[in-house]
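Presented sequentially are two complexes of chain A, the first with chain B as partner and the second with chain C.
Let's look at the complex of A and B:
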């Protein structure tokens, strides 16, 4: 196996795959990247068995073949090489020679035989989406995923392809974010998956390098083909991402989204965000809530912690409903406000024990459970 | 300027648990009575008649019965101690709002805010309280009155039972000087013996007779505190707010070693059933459950596990009991004792949950059960796992752990 490659392309390719490594103790080869030499490219693959990524990079192949090398160390070395031209040459005993300018490295590799193959894309249920659209949708819900490992069902984003709609949902049991868009969903392809948090993070990293992506899924796994047609740093064809899905029943999220609107107010997103953020500065771990008080045309935000002090923020709003007060964990307010990009958001409130709901005109809903007022 | 008054009062109930039992059954008065666990328990409280025979606390019951064979042993099952204690402190609060409850049977009052002008007025008020506690609860209490907590506390213990010692302002040093140095807090039996043997310090006055350098060499870095104590100086205020409990625990020593896993698991679950209502009553939640086992040779092991989020519901902790007990109980030998401890105590979260309909229902159920079971010693509704096959719901043995208030220490650590 031998090839010549542009250092920056090689480094960029390795950067795409290097987050996905398995635990070294159980299967050492999972900390390695599989390098396969094709005609005019090389393929880089990493996997931790739950999640795998494969990218193709332009390269000048001299001799086909394959080898695996420790991905983290390799990526560091490649980034630091002195010359933009790099040659890689593997001997029969999996020892790899890396040369660039006056630098030469010899790295011990492992044969490709032990490397677990990535399952194929599959032809279960397939949809084609716009990358830009999917990344916006993912970002508007991903913060609401649970990190509590005992609630593993919630440790991911729920994707539903049904009723001519793609819906993404994330919740940790205290707040829930939902975004949807129209999408043709033929009966045969309708279905849903829970994509694990780690896969969501990697997918978000991969998106935006091209126009379209294709997703295929069944009850156990999902696969993504992410076009790289807008990439200028060596990636060709598409990025392939394979992921197991969280198996289990996602909670019935529809039932926690209030059906009726009681009090609705339009807010300047950035202004409201800043007010909540400032009020939050006095919160402590024990007193982690901000109180929202609505009176005619006035919204007040207060926060206090007994051992520090208090904050009071006020903003003018168009409001003529009944006076009401409700308290929330400030982070639960800030997360959706930061994730959204529109200038205006709607906030719907009812009373101190009912959830608050953020909405935008684009099929976005974020339901936030209040903190009981003491 | 108001004159200095002996307005700091220490009250200390005399043989509290025994007194409660005697109030319940007056035929026990004047007899050698002790409250304690049977067979292998310990004496928690002994009447003064029993003490005269050499029964003291904490003494293994078996030994107490040896030194005093006609001892009347009352098991603490009847409970009601905390109720009597609460009523006793309620009576204290009729005197002054500044009441510091230190334990079930002992605490401090500060009468300074009550506007008494003379020491005689203070004394009359406290004597009235002593009478009132006896009239209403039949609990004998000893009082110490002084200008600070340290001296008041030493004074109250001086003439038990039904003691009433007033140390006039300015006479603190004089009062302490002739007392044994062991009366000072922090100087226990061993230290006392060592001071007498090695340094010839027997009385408090002997401490004051030594020079600074000598005191430093005897007491080390804390010598200044010891000297201040010996002079009767103390500026700690009477604190009405108590620290929140840091943990809730309960333990049971079995009458005979038990090797039956199911029986012990039942006992441990019974403790969970007793402790969680207390946690709920305090408006708290617990995160960690620890199970401790003790073998007949007193070797012991503990095993604990934490929930992802704190809870106050039995249903969340039940599944941990069996595995923890199995993990702690590794030796193939029967057990002498099992204990359960809740820690990682947090304020009940005010954050509402979305999918918590079940939890809310459970919490409502728990609230109803807590109210039904409120009367001590009379559990009206019990969980199925507390029933022993072949025995009635009220049979004792190991099936139903007695509400052993004596060992239920709600450790309050500063």
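Let's look at the complex of A and C:
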């Protein structure tokens, strides 16, 4: 196996696959990257058995073959090589010689036979989406995923393809974010998956390098084939991301979304975000809530902590309903406000024990349960 | 012939012996107490074969004249008591006048004694209750008693003896207790020609504990002293967080007499309920003194038990005193952690600089100060002098830190963060050595106090849940929950009945993960069921509630960074009892320079 490659392309490719490798891999082979040399490219693959990533990079192949090398160390070395031209040469005993300008490295590898193969897909359900669209959708719900490991079902984003709609949902039991878009969903392809948090993060990182992406899934795995046609750093063809899905039943999110609207406010997102953010500055771990008070055409936000002090913010709104007060964890208000990009959001409130609901005109809903002060 | 007759003396003595002398250790106890009552400053105990073949107790006490010595072997002959009213004023160990005749009736008994001023000593030999001879002998002032062939006249009793090793252990334990009770008396204990322990006269109790139980244990103790309404409590108690599997190191003395007092030991255990882990026992060497009239020692033949006139008063006093001391220790720990790093070169040079050695200052300060402070003057009661030199330490041990560093104790704690081991233990370098902090225990303490404060303030925010957690219970638990629903809902929960034995958790305290709600409520019901949370006392119930909640609230992030760990230490030392978790486990342990040097054999 022998190839010549551009240092920056190589480094970029390694950076794409690096994150998957855990710090405490149970099998040594899982800390390695599989390098396969094709005709005019090399393929880099890493996996932690739950999540695998494969990228292809332009390279000048001299001799095809494959080897695996410790990816963290390799990435560091490649980044710091002195010359843009790098030649890589593997001998039969998996020893790899890396040369660039005046520096030469000899790195011990492991044979490709031990590398666990990425899963093959059979009769999966396949959809094609716009990358830009999916990334916006992911970002508008991902903050609501649960980090509580005991509720592993909620440690991910729920993707549902049915009723001619793609819906993304995330919840941690206290708030729920839902975004959907129209999508043709033939009955045969309809289905849903829970994509684990780590895969969501990697996917968000990969998206945006091209126009389309293809998602295929069954009830155990999901695969994303991400086009890289807009990339200029050496990636060619597609990035493949394979992920296990969280197995289990996602809670029935429909039932927690209030059906009726009681009081609806139109808010300037930035302004409201800043007010809540300022009020939150006085919150402490002991007193982590902000109170929203609505009176005619006035919205007041107050926060206080016994050992620090209090904050009071007011903003003019168009409101003519009854006076009401409700308290929330400020982080739960800030997260969706930050994730959204539109200038206007709608906030629906009812009373101090009923959820607050953010909505936008783009099929976005975020339900936030209030904090009750006894 | 009359059926009822008066028993001959030797039979009566044997019967009395049956009560008083149940095993060789009892002989040793009686004889040692006699020696101490005689004002000895040196007591030597020797025994062989677990005491069954030979026991010797020798002292340098007052001794007896020949007539007294002969009389002492009669039943109910004693120098310690004259009229019944004396029983209420007892300052001596013995008083019944039963021990000597009892022992003499069941063994080969040799008594040698010389009173101060007498020219010659007296030797009396009694075998199985029969006087063999009385003659003059030469010996220094004091008394020596040898008991050989114990139980030779009561074979039945001999059969009930345990192995030599067991009997020896009882003797050793008994002598240790007496040695503790009287640090100013030199003790030597010899078993089968081998010295078990030899303790010279000690200035204080710490020294004596170190001699007998080892220096390591002594270093883990701190002095306690309190006086209140004619009651006085002195002695040593274990540092919070250190527990023992058995109660063997929880030793109580009442007016200098080692006793098994349930009142005292339960009071101590109760005081420590937050300072040692559940199921472990605190260490304590406690001397309780009160008016002899307020305590009845005449309830147990071997005087192992006593009865207080007013048990609740004693109990309350002991709990108050020990708790106050434990809090003081916590206070000291807190202050010394805030001291700036001083480096190793600034060793204490005078008594008022103890705490430079960081946390916990007392262990190093006590032995150190003992060498500086002249022995306390002798006083009438041997115990009042106990760890006198150490008593003033708690106050002087933690003077305010130097002024130039006082402004920012938080940014400048003396603990230098080194790293986190296994995700669980944070390692710090301190002026005194190394500190290993148990992150979980520390977090639990911080949370516990935070929650308790929150409960006290009456506002407990509850985060309502999107998806209420179902909770199905058995009928007993359901009834219990219904009964306590108000209490639970006042503390951040919102639990509603949703059917027969079926509930929904609709809100949880804002710090709780929704997934933890159901197990927590079940834990809580468990605690209610087995009585750990009592209904009557709201504060106690809240405390227990907070304790359970703290264990749930703690979620350790994968790896704590330096900032986090420093913040944790700061928060920990802002709590009332930083040394232990709410469950009583230690929050940190310290390896001091000495310990490290010893391990590396430097």
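In this section, the second predicted complex is superposed on the first by the 366 of 374 C-alpha atoms of A that agree within 3 Å, B and C clash if a C-alpha of one lies under 4 Å from a C-alpha of the other, contacts with A are read in each partner's own complex, and residues count from 1 in each chain.
Just so it is clear, a contact is a pair of C-beta atoms (placed from the backbone, for glycine too) under 8 Å apart; a residue touches a chain by one contact, two chains touch by 3 or more.
Treat the numbers as computed from the prediction; the structure is a model and nothing was measured.
Student: Given the alignment on chain A, is it a clash or a fit between chain B and chain C?
Tutor: Once chain A is superposed (C-alpha atoms), there is a clash between chain B and chain C.
Student: Given the touch rule stated above, what does A:65 touch, chain B (first), chain C (second), both, or neither?
Tutor: It touches nothing on chain B or chain C.
Student: Considering only the touch criterion stated at the top, classify A:191 as touching first (chain B), second (chain C), both, or neither.
Tutor: neither
Student: Classify the contacts of A:28 with the two partner chains as first (chain B alone), second (chain C alone), both, or neither.
Tutor: After superposing on A, A:28 lies clear of both chain B and chain C.
Student: Touch check for A:116: first (chain B), second (chain C), both, or neither?
Tutor: Neither chain B nor chain C is touched by A:116.
Student: After the superposition on A, what does A:258 contact: first (chain B), second (chain C), both or neither?
Tutor: It touches nothing on chain B or chain C.
Student: Please work out whether A:369 is in contact with chain B alone, chain C alone, both, or neither, and reply first, second, both or neither.
Tutor: both
Student: Among the options 115-123, 169-177, 367-375 or 385-393, identify the stretch of chain B whose C-alpha atoms clash with chain C after superposing on A.
Tutor: Answer for the clashing stretch of chain B: 367-375.
Student: Which chain A residues contact chain B in one complex and chain C in the other?
Tutor: 148, 150-151, 171, 173-176, 251, 256, 286, 289, 327, 329, 353, 355, 367, 369-374
Student: Name, in rising order, each residue of chain B that touches chain A in their complex.
Tutor: 307-309, 347, 350-356
Student: Along chain A, where are the residues that touch chain B in the complex?
Tutor: That would be residues 148-151, 171, 173-176, 251, 256, 286, 289, 327, 329, 353, 355, 367, 369-374 of chain A.
Student: In the complex, go through chain A and note every residue touching chain C.
Tutor: Result: residues 146, 148, 150-151, 171-176, 251, 256, 285-289, 306, 327, 329, 353, 355, 367, 369-374 of chain A touch chain C.
Student: Using the touch definition up top, name the residues of chain C that touch chain A in the complex.
Tutor: Residues of chain C touching chain A: 450, 453-454, 457, 459-467, 489-490, 492, 494, 507, 510-511, 513-516.
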